[in-house]
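Here come two complexes built around subunit A, the first alongside subunit B, the second alongside subunit C.
Right after this comes the complex of A and B.
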């Protein structure tokens, strides 16, 4: 073998190398994400015959039902409302701790940071379930209010839409705080001092400098909270009443209970498209990199 | 001049207000979990208030509950396998996308983080449809594949951030000194990315161990993970055993994150003593 041959061969290996490294993830992503989503898209055109039976009788029936049936409109509206309230609460309430952690000069800042990250590590189902102990008839709030004699009978707080929102806020608030914190932290704090020397009041400096500079973090946090709450399935079951079903619950019911695969696929694709659309709008303005930065 | 002290006072009050509010948010985040922990030591028959006395009976009962032990073993094995496979695959594609000029690099990284952006319910339904089209039953394998898919973006992002942060200087220096590709990887790349790999392993394990929504779609009949088992138990009533399980899980979590912190700082100091500095 001549030298030239060896070098072309090794160059061939060099070219193939990244593809070899990429192949496991590409196989996984293609076989278990791209292909299934494609099948799902095709399934929305299928005809539901009977429980678990469907026919490849292509048509837009499922989409027609989705767009005309008030039952689905109600679910979309309810999901949007719950997700929106959750998002607003998380961002507005979460802004304060994010600001305090980012600007504090306290020695205990590391502790605040650690506690902020801790919820990400605590079991989601336990965190959600814990609200039963807080809001339930024998929960902490009712027990306390009855003990001090403010009420005679327990308030009905659990198994309501409010309880669902409470659970979602509790689960998603750290996402909002973390993203807002990162954007305040990484902004140029000397601009605040500049605004102050130019005569701005502390409050004025906050509204003209800090708040606008932190808007990317607010947007990222809001997007994450909205997408995750709109896609939630477990929280409404644990904390909601019979009427408090969100879009995710509808999908589960349609597929796992009714075994109506074509309609279930239509709902799942609809959810993915709506949320995907929102993510696309976001990424046009802020870029996807920003979204993933906050997560790691 | 007489205005200055009131202004300062105003500021002070503003600070108190902000700090107080922050404190309340922290209370909101942790009080419910503290309630669970308190109730797990309650000797009462019911898993709720009032607290009648302290006892460890629910922990004893938990240890004797075979269903929960089995769920725990399933979750642990699933988490470990998911973490190992997910981290390995993520490391390979991060290497390919950070260290080589691959055409369509942007597309591939978007594709890798896509499972994060697609609603879990949609991903879950998709995999079930695939199985159905192939006429296959739901198995443990489906749960494993699904969990790898869900954790892949997280592992990838952590490792990718570290790899691109490192730059290629050390690797180039080593290979110019005559080290072959394998040696460079073993002696330079691997030790330098070790903190990210540990983080990715822990991250993937926790996400798998904690996953509920997709697991409810995917789990085969007769197999329960810890979250799906808790979820099934919640449908009857909140038994005190769930509180005890919650306390155990929170303790493990805090233990694990402390361990991760210790490993992280250890590796960081090693790296500081090594080629990093």
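Right after this comes the complex of A and C.
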């Protein structure tokens, strides 16, 4: 074997090595993401015949319904609105604990981190249902307000959009806090000291140094919260009233109760495309690598 | 095919044990011998062993009903036959149908199904078998009135046997709604504007349409003015605080004081009233009765499933599960002695004819389900 042949072969091995190492992940991705999505994509073209019965009479009728039926457009709008409000609340409220944890000099910082992660040890459904006993007519808040004489009759808080947003915030806030925390902690804290020596007030130093440096974490946290809340459907079922549904509820209902898989698949693919589009916009301006940074 | 100890033999054995003719040790020895005979005919290498059934799958709604069945009928069945019952639960029967369609015959053996409309759906989907009722002697105790709708759907043979029955009616809080008002208005309570935001209802298209048909003065099994039904559903929706999706949720909404009136399943109403006598229960003006049944699906080992059904339809098992789930059993009370507790359930029919109750027509409702279900889903969301 000549030196040139040996060199070519070793180059080939070098090129193949990453793919070989990646192959288990690629197989898993193919089997559990690409394949199911492809099947669902194909189902969107099927004809719904009857409850649980469909036929491979291919056509774009389901997509046509999705694009022309205001019922679905309203659900998209409503979902975007709820997800946006949830995102803003999570980021704004979550910034404070993230800042405190990142900047504290306490030797008990680990405890604060633990408290942040503690809710993940409890089932999401249980955590969501706990709000029934907080916001209900005889829940903790109403009982307290009536006990101190602030109100005469219980406030209607449960089974409202507010309750749904509260449940989503409760579930998703840690995702925002963790991302913002990582961003603040990895920033150069000496820049704050520099700003202070140049005459900035503590508030001024925060707005001119800390906040801009933490914006990538804010954006990453916001993206995660938005995507997860937009895809949620359990929270509205538990905490929402008749008006409070998200796009995920339509997908669940279409597939699970109407057994209309072609339309359900269309809705699911549509939601994936919408959220994928949002992630692409994020990637264009911030870069997706910040997502992984925020999670590590 | 594997021969199992005959049902009659085991029944005789159990009856003799209960009557005190044989002691516990003799009873267990005899059951053991019966089990051994099953083992012998199923030895490796015999043609019978090749078809030996080691387990069957039973899927139900879970909760107290399944626990009671496990303690009584399922345990006896396993002891007597050596066949293990693998239990599973589900939340929506639609989910089981979808999985059964996507899977292989035999993925599901026996399910606790929700009455004759669902029976028709399963049969239309080709999942039926023909049970040999001679292998299920306890089936003779089941009320003919409950069996007939199933015979109407599959005249050549049954694939299911009714297990219990119940009604959907209205539970109300007596602190805010008097018994007189409840009896006078019945389903009208659910469109009473004085109860705005204090009303709940089942988020099931058939229940909502049934109630709306009654509210608009129509026969729910032959709706002539569909627009009037949709209008009544919209009227009800404008007053509803929350639609419920499970029996537990309906109780929670009423017991927590979030709502004062709601649709409720009669067994759940019994449970609620037992806990808090401030609640009452009334039927809709023409009632709304349904039954649950044990459905054997295509691809199952039918003879073993028949044996299983016979154990579950045993009077003792029926009484135990009825008292646990608070719904009357499907057995004819004129033939079988039932307990005082069961006789005190709301909607218990001592005549065994069920003539006072209205059932949904499975042919009518399944014919329209495809169109009405999505339409209702939109209205429920205010669209």
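The rule we apply is simple: the second predicted complex is superposed on the first by the 259 of 296 C-alpha atoms of A that agree within 3 Å, B and C clash if a C-alpha of one lies under 4 Å from a C-alpha of the other, contacts with A are read in each partner's own complex, and residues count from 1 in each chain.
Throughout what follows, a contact is a pair of C-beta atoms (placed from the backbone, for glycine too) under 8 Å apart; a residue touches a chain by one contact, two chains touch by 3 or more.
Model, not experiment: these values are computed from the prediction.
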| item | value |
| --- | --- |
| Fit-or-clash call for subunit B and subunit C when the two complexes are aligned on subunit A | clash |
| First (subunit B), second (subunit C), both or neither touched by A:21 | first |
| First, second, both or neither for A:221, with subunit B first and subunit C second | neither |
| Partner contacting more residues of subunit A (subunit B vs subunit C) | B |
| Which superposed partner A:50 touches (first subunit B, second subunit C, both, neither) | second |
| Partner chain(s) touched by A:71 [first = subunit B, second = subunit C, both, neither] | second |
| First, second, both or neither for A:236, with subunit B first and subunit C second | neither |
| Touching partner for A:248 - first (subunit B), second (subunit C), both, neither | first |
| Contacts of A:259 with subunit B and subunit C, given as first, second, both or neither | second |
| Partner chain(s) touched by A:156 [first = subunit B, second = subunit C, both, neither] | second |
| Subunit B and subunit C contact sites that coincide on subunit A, given as residue numbers | 132, 136, 138, 237, 255-256, 261 |
| Interfacial residue positions of subunit B with respect to subunit A in the complex | 11, 14, 18-19, 21-22, 25-26, 28-33, 35-36, 39, 46-50, 88-90, 92-93, 95-97, 99-100, 102, 108, 110-123, 125-130, 132-133, 145-146, 148-149, 152-154, 156-158, 161, 206, 210, 212-213, 216-217, 226-227, 230-231, 234, 238, 242-243, 245-246, 249-250, 253-254, 256-257 |
| Subunit A to subunit B touching residues, read off their complex | 17-19, 21-22, 24-26, 28-29, 31-37, 39-40, 43, 93-94, 96-97, 99-101, 112, 115, 117-119, 121-127, 129-134, 136, 138-140, 143, 170, 173-174, 177, 202, 227, 230-234, 237-238, 247-248, 251-252, 255-256, 261, 264-265, 268-269, 271-272, 275-276, 279, 288, 292, 295-296 |
| Footprint of subunit C on subunit A - complex, ascending | 50-53, 71, 74, 132, 136-138, 154, 156, 158-159, 237, 241-243, 245, 253-261 |
| Of subunit C, residues touching subunit A in the complex | 92, 94-95, 97-98, 101, 121, 125, 197, 237, 240-243, 245, 252, 256-258, 366, 369-370, 373-374, 377-378, 380-383 |
